[in-house]
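Below, chain A partners chain B and then partners chain C, in two separate complexes.
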Partner chain A sequence: MKTILIADDDHNLALLYEQELIDEGYKVDVVHDARAAINRVQNDPPDLLVLDIRMPGMDGIDALNRILGINNRLPVILNTAYSNHKDNYLTWSADAYVVKSSDLSELKQAIRDVLSKRAAEDNPNG
Partner chain B sequence: MPNADAVALLKNTLTMILAGGQGERLYPLTRNQAKPAVPFGGLYRIIDFTLSNCLNSGLRRIFVLTQYMSNSLDRHLQQGWSIFNPDLGEFIFAIPPQFRLAGSWYRGTSDAIFQNIDILERERPDRVLILGGDHVYKMDYSRMLRFHVESDADLTVACIEVPVQMATQLGVMEIDAQNHILGFEEKPPTPRPIPDNPNMALASMGIYVFNTRSLVRHLSEDAKRNTAHDFGKNIIPTMVESGRVFAYNFKHGNCNRSVYWRDIGLLDAYWEASMDLVADQPEFDLYDPAWPVHTHSKPYPPARLNIGSQTPSRLILGQGSVVENAQVERAVLSPNVRINPNAQVCDSILMEGVVVGKNARLHKVIADEGVISPPDCTIGFNLEEDRKRFTVTEGGVVAIPKGLPIE
Partner chain C sequence: MTQTPTTSVWQTLYQVFTTQRTQLLNTWKKRIGETPVLQLREDIDAATAEGMLETFYNLIADQVVLCNDYASLRMRILAEEISAFTPDAAGRLLIALKKAVIDVLFGTEIQNPNTEAFHIETVMDEMLLRILAYCHETRYRAHLRNLQTSETRFRTLIETMNEGFTAIDANDHLIFFNQRMETISGFRKDDMIGRPVGDLYMPESKEILSQQLQRRRLNESSTYQLQIHNKQGNPVPVRVSGAPLHDNQGAYLGSFAVITDISEQVLAEKILRQSKDEIAHLLESEKRRATHFATINRVAQMALSTLDPDEIFRRVVHEVQESFGYQHVSLYVLETNTEQMVMRARAGQYTSNFPEGYRQPVGTGIVGNVVASGNPLLANDVSTDPRRILAFPEESNSNAELCVPIKTGDHILGAIDVLSREKGVFDQTDVHSLQVLADQLAWVIHNARLYQETRELKEFSEQVLQTIPLPLLLVNKDLNVVFANTTYLTYHDLTAQQVLNKPLVQSRPSAYLVTPEGRSVLASVFETGQSSHLKSISVPTGTYRNRVIDLLVTRLETAQGSPLALVVIEDITESVERAYESSLLRQISQTMQGILDSDRLLYAILTCVTAGTGLGFNRAIMLQVDSEKNILEGKMGVGPANQAEASRIWSELALQNPSVEDILVTYDSQKTPTNSTLSRAAEHIHVLLDDPDDVLAKAVRERRTYTVTEEDALSISPALWAALGTHHFVVTPLVVQDRAMGVIVADNLYSGAPITADSVEMLRAFAGHAALALENAGLYRQLEEKIAELERTQEELVQSERLAVIGELSAQIAHEIRNPLAIIGGFARSMQRRPDPERIQTAARVIGEEVGRLEVLLTDILNYTRPRQLTPQPTDLSNLIEEVHHLIAEGLQGRGIHYNQQVDAGLPLVSIDVDQFKQVLINLLKNAYQAMPEGGELAVFLRLRPENQCIEIEIKDTGEGIPLEIQGKLFSPYFTTKTTGTGLGLAISKQIIDRHGGNITLESQKGAGTSVFIRIPQTGVQSEGAPS
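Let's look at the complex of A and B:
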C-alpha cells in the first residue's frame, strides 16, 4: 500500500483529503506545516507528498526545494488555492501542480499519474 | 533585424558564466585560485576573455558563478570589472554557492544553474547565455543570439571543427543541412567525423543559448533524477531527442583574424596558447582596437629593457618588468618580473613578481607568482632532475609553484 503524506494547514481540508484518499486505497498521514513535512520526509519518507504552498511559517515552495536536497526522488504534488505560483520557476521541480477544488478528482488523477510514472522510471522493464 | 529588436535581444538575455571548476589539470597554477583567475598573456586573467566578449557583444547583465577558491577571482572582478551601472540594470555579479536548493556544492555544470534558479525567477530573462570562464577566443555572442531567435530554437550550442583525436575530450554533435543537431555525445571514445572530412569532428565549445522556460523545465526534471547534472552528458542529449536544438558554427561569430579558440585548462595547452602570443605573427590578436580585452592592472612603472648587445626577441613584457643584459627568447612576462644579467630564458611564462637570478637558465618553464630562481640555477634542461622538485608535463613543460624555495 502506498503512503501519501498531506501537508496542509487547513485542518478540515486535510481531513477531507485523508478520508477520500483512504477510500482510494492509500495509507494517509497528515501534517499541518512545512517543517513537519520536512522532518517526516527525512525520518520516514512517504511514497508521495501532497504539499500546500501558503502555510504559516515556511511556505511550500521553500519546503519543496529543501526536500529536493534531502530526497530528490520523492514525488511531490503542489496543491494550492492559487494558480499564480504555477509560473514561479521554483515550483517547476514539483511533479504536478494542482489547484484546489471541492472536487478531488484532479488531485486523485495527478496522484495516480505521478505514482505510475515513478514506478515506470524505477522499473523500466516493467 | 531592426535596431530596437537587436537592443531588446541583448537586454532580455541574462549571461551566466560557470567559473566554479577546480581546474585540477592546471595545477599548480590553481593551487590557490580558481582556473578563471589564472593569469594569461602577461596582463590578463583567463576570465577576462569571456567577459570582454560579453562587453564587446553588448551584453550587460552577467552573473559569474564561483565556487572553489574564489578569493582572487572575486577580487579581480571587483577591481577590474566594476564597470557597469547596476542602477541602469547592468551588472557583473559574482555569486558563490547559496545552498538554497539541493544543499550541496555544485554537482555538475547544469546543477550550478539549477541551484541559482531563483536568479532566473527574479530576473525573468527571455533567454540565458551560458558560458565557461576558461577559454581564449573572441566571439560576438549577439550574432549567436540572433541565430538562436531566427532559428526558433529552444537551445543553440556553439560549435567548432576540431581534429577527431581532440574531440574525444569534448562534446561531439551531428547536424543536418539546417544546423539542426541530430545527435550529441559527451567525450565519445570514437567521435563521429563531419561528412566531408573524416579527420574532423564538430565539437561543442560549452557555449549555450537557452530559452529560459525550456532551460528551467529541463533543469527541474533533471534535478529529480540521479544523473551527473551535466549539460553535455544529460541536458543537451535529452533536449536533442525532444526539442529544437541547433548548432551555431563559431566561424560566423569569430572576431579574431583567424578562427582561434583554445581550452587552456591543461598545463600543456596553457603553455602552447601562451607561446602563440609570441609567435612571429601571433594568431591571436591582442592589439585589435575593435575588440579590446579589458582587465585590471596595478600601477607599476614602465617596463625597461637594458639589453646591451644581446637581443631579446619575441616577448611580451608586463609593466614594471626589467630585463637587464639577459637573453630572452619567446617568453610571456607578467608585470614586475626581473631578469638579471646573463640569465637565459626561453619558451617560458613568468608570472607577476618572478625574479630570475644572474646566470640562471630557464627553458620551457611556467613560474608562478613570486617564484625566485636563484643565480646559476638551471631548470628545464634535465627533466628527470626537474621531476624530483616540480610538476613536469607530458609535453616537457616544467611548472614551478608559488612559494617553493628553489635551491
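Let's look at the complex of A and C:
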C-alpha cells in the first residue's frame, strides 16, 4: 500500500483528501504546515507528497525545494488554488501541478500517473 | 417512475444551464479565450463585462420562475429584489444560491442529488469570479494609464516651461531645478540639487530670501524680486513667485517657486527712465530759452514807439549849417563796440567828399579828442592845432573848427563838428549854443541807439520766437491776441489771420485762458507782475485726445504802457503719456502677474490700449491663437458701441490715466464687464491661421504689425468687418519668444484721428509687454490647472488603489474562495458516492463551515470596496466604549485578561457614525485580546487633546507586540499575521477613521505590547446639556 502525505493548512480540505484517497486504496497521512512536511520526509518518507503552496510560515514552493534537497526521488504533486504559480519556474521541479477543485479526479489521476511513472523508472524491466 | 419535484427542478436547471453555459462559454471563449489575455483586458470595458453578468443572472432568474418549489422561489425573490446586478448583488445571489443548493441537498426529501447541480454551481462561481476580476482589473488599468499620462504631462510642463521652477525641502535645500533654471543661472541641475537655496542668490539678496522663506513657513505665498548669482558670478535680476507646500497635517514640507528672468525688463525700464529724463531736461532748457526771449521781446516792445533818429540827425545838421552859415557840419555817433565814431549826418561844402558812413577812431583828430575827453574843443586857427588830422585834402581849406560832445551825463554818445573857412570866427556863444543842441541830440541818439538795438533784437527774437518749437502767445488784458508764433498756429491748426488782433474767445473758444480759471490767472499776472507757472493742465482739443500742457504766463511791459501777457505753452502730453505708458507697462508686467483670471487680464490690457491718454485708441479687440484648431479666435473687445457712447465716455474721462488697479476695480464692479457689443462681435471672429490673405493671420505668421487702410479691404474677414465697421485699424501681434500668441486690433473709428506711426509703435511695444503678461498668466493658470489635475489624479489614484486591491484580490481571493469551493464540492461528491450517515454528518458540518467562511470573506470585501455612507451624529464616546466592552465581554472571559477603562472628565460630544465606529472598536479590542493568548492587561483610555482639538482613544494591550518591519503594512488591505481572516479588519478600520476626518496610528514594542491611537476632531458640541 502506497503512503501519500498531504501537506495543507486547510484542515477541512485535508480531511476531504484523506477520505477520498483512503477510498482509492492509499494510506494517507496529513500535516498542516511545510516544516512538518519536511520533518516527515526526512524521518519517514512517504511514497508521494501532495503539497499546498499557500501555507503560513514557509510556503510550499520553498518547502518543495528543501524537500528535493533532502530526497530528490520523492514524487511531489503541487496542489494549489491559484494556477498562476505555474509561472514560477521553482514549481517546475514538481512532478505535477494540480489546481484545487471539488472534482478530485484530476488529482487522483495525477497521483496514479506519477506513481506508475516512478514505478517504471525504478523497475525498468517490470 | 416518479421523480421528486426537487430532482425535476435541478434537471430543468441543469438543462437550461448546460445550454446557456455552452453559449456563454462560447461567447466568452471568443472574446477572452482566443485573444491574448493582456490585450483582452485592455479591450473589454467594464460595462461589457457587467452586461454579461447581468445577462447571466437574468437567465437564472427567468428559468427559476418556471420552477415551483421552495428553493426556486427563494431564488426568484432574491432575483427580484436585486434591481441592479452589481458585483455586490451578484455576491449576495451567489451565497443565496449556494444556500439553496445545500438546503435542497440536505433536506429530508433528498435521496439522489444530481451531481450536475454542482457543476452548475462551480461554473457559476468561476464565471462570476472571472467577470469580477476582469471588471476591476480593466477599470484599474484605465485609471493607471490616465494617471501615468497626466503625471508625464505635468512633469514635461514643469521641465520645459519658459519660467524657472525650483522646489526646496523643509531645510531650504533645492530638490527641484528645471531646464529653464539652468539657462537663467548657468548652473547645472545636478550641481544644484541638494544645495542650500541661498547659494543661488547674490549675498545682498539673502536677507530678503530668508524673510521670504520664513513667510513660506507661515503658509504664505508671495512674489518678490531677487538677484540670482549666476555661474559667471554676475547678478541676474529675477522675479520669484513662491508658494509653500504642506502635507495633510499642515506640516511644512518645503516650497516651490516660479522664477522669471526680468533682466531685460529691468534694462528696458532703465532705458525708459533715462530717455524720460532726457526729454525732461530738454524741455527744461527750452523753457529757459523761452523766458529769455520773452525778456528780449519786452525790451523790443518798449522801443517800438521811438522815431527814426537818422531823420532827426539829418534835419539837425542841415538846420545848424544853414542857420549858423557854417562851411560844414557833421554829426558823429559813437559805436561803442568798435570804439569808432560813425558819421551819421552831414551838411555843407564837403558833403560830396565825405564818404557814406565815414568812420574815425576815438582819440584821433579833433572829433576823436572831443569824444575821448567829453569836453568841447574850439580851434579858431586849426591849421596850428597838433590834434588836427586831414581826413581828406579839401579839408585844408577850413581854418577854424568847433566840436562839442553829445552826451548824457558822463555818457558820451557822439559829437557835432563845425568847420569854417575863416580863422577866429567862433566864440563862446557858438560853443554854448552848439552844446545845447548837442544835449538835445543826446537823447535822440540814446533813443536811436536803443531803437537800433531793439530793432535788431526784435528781428532776432521774432525770428526765434517764430521758429522756437514752443507755442507762444501774446495777449493783452482784453484777451486779444497780439502775437502768436508759427508753432502756436501749427499746433492749433490755425492761420495768423484767424488769430491775430482778434479776441482769443472768438478764435480759440476752448483755450484754457478763456476759462474762468485761466482768466483769473491772467488777471493775477497782470496785476502783480508775478509770473505764473501752471502745470499739467488738461485741455480738450476738439478731437478725441486731450492734451496735457504746462503754461508759463509772464507780464510784459510795453512802451505804450498797457502791459501784455506772454503765454508759453509747453505740451507735455507726450511725456505724460510716456510716463503713464511706462508706469502702465511696469504695472502690467508686475501687477498682472497676479491676475490669473484670463478675462480680467484681457480686459486690463485692452483698457490700457483705449483708456485716457494711454495709447489712446478708441477701441481694441484681442484675438488669441488656438494652435490645436489652427485658428485665431476673437476673445474680447473693449470700446464704446457707438458715437454717442464714445462722446459720453470722453467727456467723463477728460483726463483719467487709470492705473491697472483702477481698471481692475472697474472690471470687478461691473456685472458683465466683458459682455459689450464689441466683445460679442469680437467673439464671432475666427480666422484660419493659414489663410494666405487675411491680415490678422498674416500678422501672426509674420509676427508683424500692419496698419490697414481701404486698400487692404480684401484682406479683412467679414466677421472682423462686422465687428469694426472700418477699414482703418492697426493689428499688432502678441509675441513671446518668437511665437505669436494672438493679436491686438485697435482703431480710431469714433474720433476719426489718424493712426500715426508713433501710436502704432507704442501699441507694438505695449503688445510685447502685454504678451509677456498674458504668457505668464497663462503659465500660472496652466500650472494651477495641472496642480488641480494632479489633485484630481491623486484622488483617482486613491480610488484606483482601491480597485487595484480588487485586482490583486483576483489572485488572493482565488485561494480564499477556491479552497472552500473545493471542500464543499469535494464533500458533496464524496457523500454522493458513499452516502453513509457518518460521512454525510461530517460533510454537512464541513460544508456549513466553509459557506460561513465564504460569507465572511464576501462581507469584508464589500465593506472595503464599497464603504457605507457615514451617518454621523453627536455621540458620547464614553458610552460607546462602555457598550463595546459589553459586546466583547464574553470573548474576554476565561482568557486571563484584566480589562481597565479610563475616561477624562468633561469630554465634548463628537460627530461620528455610531455603527461603523462600533465596528472599529470591536475589531481593535478583539485584535488586542487575541494578541494576548497567555492573558494580560487590556486598557482603553479616552482623552481630550485640546492642543490638537481632538479626542484620543488609546487601546493598549500587554501582548506579544508587533515587529517593527511589519508595522508599516498593518493598515494595508489583505495584510494579516493570522492564518485565518481576510486581513481587511485594520484596513477597514483605517478607512472608517479616515472618513471621519481622524487618524489611526500604532505604537508597539516587541514583547511589551501594542497601543493603537484613534484621534477624532472635536465637533465643538459640549456634552453638558446636550441630548445624548
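Operating definition for what follows: the second predicted complex is superposed on the first by the 126 of 126 C-alpha atoms of A that agree within 3 Å, B and C clash if a C-alpha of one lies under 4 Å from a C-alpha of the other, contacts with A are read in each partner's own complex, and residues count from 1 in each chain.
The working rule: a contact is a pair of C-beta atoms (placed from the backbone, for glycine too) under 8 Å apart; a residue touches a chain by one contact, two chains touch by 3 or more.
Every value quoted in this text rests on a predicted model; they were computed, and no experiment measured them.
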item	value
Superposition on chain A - do chain B and chain C clash or fit	fit
A:Gly25 touches, of chain B and chain C: first, second, both or neither?	neither
From chain A, separation angle of chain B and chain C (C-alpha centres, steps of 10 degrees)	70
Partner chain(s) touched by A:Leu104 [first = chain B, second = chain C, both, neither]	second
Touching partner for A:Tyr89 - first (chain B), second (chain C), both, neither	first
If touched residues of chain A are counted for chain B and for chain C, the larger one	C
Minimum distance between Cα atoms of chain B and chain C in the superposition (Å)	17
Footprint of chain A on chain C - complex, ascending	118, 122, 811, 814-819, 821-830, 833-834, 839, 842, 846, 849-850, 979
Complex interface listing, chain B residues touching chain A	100-104, 117-118, 120-121, 216-217, 220, 223-226
Chain A to chain C touching residues, read off their complex	9-10, 12-13, 15-17, 19-20, 23, 54, 56, 80-82, 84, 99-104
Touching residues on chain A, where the partner in the complex is chain B	65-66, 68-70, 72-73, 88-90, 92-93, 95, 121
